[in-house]
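Labels run A, B, C and D following the written order; every chain starts at residue 1.
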């Protein structure tokens, strides 16, 4: 059964900056979408902030099994109602994959309850990503470690709740480390945060980054058979009073 | 060093309903405050919703090591700014103890990211609370299980993220179970949720409930020596570029 | 790709006691094997203690993706070498499903490091199992709760390390609770403990028990693409000394 | 109340190699013992392998609140009975602090159920340790990160179960990372693994290493008020049959 992936970005291809387009001719939006487009099991749609309802209408979310989110400079422009809609869908089972600078997006802060802040610099550092849980389905096929020739440094302490599973740790030549791949659950929804993906570097061309993001969508995909309320409800006693 | 506890309630003693005062002559606010008042190590203050700034001013929160929160019917009346102030203090290290119907308070939903919904009925059920982690400091001195002669039933599924530690599970004569004592961390703050405490029943007189809440305040107390920023910051490389 | 399931029991069908055969004509071994036999995706083999090498030879384990283990009175008769072989295979990726009284088997104690003790009585208690993580793949298709008309009571405290995921909690009419479905990981192997299955009661006929055990085998199945050493190894520096 | 710390080493001071004594004139045993000896709240005893019962008699363990363990070349010489005694005491509440090369000690393998293997080299690498959970009591007073001028490299993947709490991650100039500070619980006992401490380098002189190890002993100290059986026991029904 096809997995419906919606790839969301704060910028459409046309809205992307020139230095981004120099690396990713279809923008980050197109670059990430191509990761899912190359596999038949995914039905991929793109959406972006300047669309109606921020590209995150009830209809689109209802048709989404996994939402893949990249944002950076425009977190504050995402309307509260859109964040609330996305949160509600995650709680009801939609998967969420938050990429790179999405760490500080409103939806991540809303779901995790923390600032999701970190230390950073942009210095084209070499990064080496070590797999911590090689048997997790998201790491299937990934070697013990792999390298990205240049990434923005994201360093600890990363202000997140302790993840349900820590899948990878990044080493940077600048002397820093980072929990670069983290799983969370909220309500019935699965959330995966993955650190690579600076907009002017080439990480989304890396085959292991692509594989991890494909695996993550399989792992996070909404289970449509699970349809239960999430509000508190009166529950008559299951046993009679003695 | 004294632990500064602020006990917050949606109602002052004077505002409490008659059926509450019949059980707790000083209201829930006074009943919970007395738990801390009886131990010298705690400096206890009370606060409530109808006070200025909902009783949760910056000054009060700054002087609070642990905030103990009981609310039920007036969750929606707690101002967003007060919730935001409390969240910020928790992230910076203030402990939070959420009692009973506070499961669905705005501050719990804000910090946990979920609805915190559950199944419930009010039928004066006997509850038996089993300790799952007897070596956790919050359970110090508590026997393998203890009984409450009557409680409101709170049943699974409780819509919370998997807690960092599950300390107790409740059995109800109505045929239900509940994760009745749960620990979480957010930012530098420790959070403890504890289920007993319906407003017209007598759980806050129970010696083990009292002991658990005292232990919890010791566990959750803010570490004043930890004073670090929680916003993302530019971090110069720690190692020179090769 | 077929999942190779080996169902192991301390008794063969022929060795089973009469009161067991009265309920399960093929013994517990046959009853559990039938759970997998009814689904085409599983290739099911049975094995038992009185076979050569306790039915757990290197060849059999090498050909096993998931080992399903039921034992009770004969834990102490399982040879240490067999336990060591099973442990090594779990660490290298073989799934392990431990059923009911297998909680105290040598292999569970070996992998978890604790006694795995509990409180118990045998009184044909009604049990109601509440699903705590409905979005976990093992609980796919299972309702919010289901009932077993009679089970042996297994009660807390259950001496296990905090599980990686707590999937279900059991309520007993005798006034007890139990963490009845627990996930662990050790090395590259996934472990699932599931509490129902007293030898003279009918739980293995229950459709939800069967569904959970089928789901669990899919979840725990060995990933044959993961083939890495598990001993410490000398690792030359990845970066040159400055 | 004083915390009784037993510092154990595979070598006494007199048995230590010359290159160890060149750095630590009292051996690793004396170096680690001095960490506790400098604080009044600890009553410190030393013990080592060549003593009767490997220095780990029932009497000594019974009088120990926290056992601090350093071993490397002689793991295989520690008698099984001594390992079993230590395990039993940990399960009953004694704290265990495992240092550096104790990662692969029999007692760690016994308690964690895995090989506890890792990648390593000895190249006097600079290490920088980043605190991941600054609000954990073990990290009290420790800055956001600190440096060790030279350590043996211990690298991922470290074959341990996912720790209950990951407190620190190490960065090495050799291009590696490591989960350098990890908490576990087994039975009623708390376990802390801490990576620094190669026998010919100077890490045990580092003030933050010393502070962390002192904090860890406070955190892991046995709660003498907790005295409950750890074997399975028959438990009469708590409620009458209906």
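By our rule, contacts are C-beta pairs under 8 Å (C-beta built on N, C-alpha and C of every residue); 3 or more make two chains touch, one makes a residue touch a chain.
This structure is a prediction, so every number in the text was calculated from the model and none was measured.
A.B. asks: Work out the mean Cα position per chain and let me know which chain is farthest from chain C.
C.D. replies: Relative to chain C, the chain whose C-alpha centre sits farthest away is B.
A.B. asks: Identify the chain pair with more contacting C-beta pairs: A-B or B-D.
C.D. replies: Most C-beta pairs in contact, of the two: A-B.
A.B. asks: Same or different interface residues for chain A and chain D, judged by whether over half of the residue numbers are used by both?
C.D. replies: same
A.B. asks: Round to the nearest whole Å and give the separation of the Cα centres of chain B and chain D.
C.D. replies: Using C-alpha averages as centres, the distance is 33 Å.
A.B. asks: Cα centroid separation between chain A and chain D, in whole Å?
C.D. replies: Result: the chain centres lie 37 Å from each other.
A.B. asks: Which residues of chain D are in contact with two or more other chains?
C.D. replies: Those would be 128, 133-134, 144, 155, 162, 164-165, 173, 175-176, 185, 187, 238-239, 242.
A.B. asks: Can you list the residues on chain B that touch chain C in the complex?
C.D. replies: Residues 128, 130-134, 144-145, 155-157, 162, 165-166, 169-172, 175-177, 179, 242.
A.B. asks: Under the touch definition given earlier, write down the residues of chain B that touch chain D in their complex.
C.D. replies: 93, 128, 133-135, 140-141, 144, 164-165, 173, 185, 187-190, 223, 225-226, 228, 238-239
A.B. asks: Mind pulling up the chain B residues that touch chain A in the complex?
C.D. replies: Those residues of chain B that touch chain A are 87, 91, 104, 110-115, 117-121, 123, 125, 153, 155, 159, 161-162, 164, 173-176, 184-187, 229-239, 241-242.
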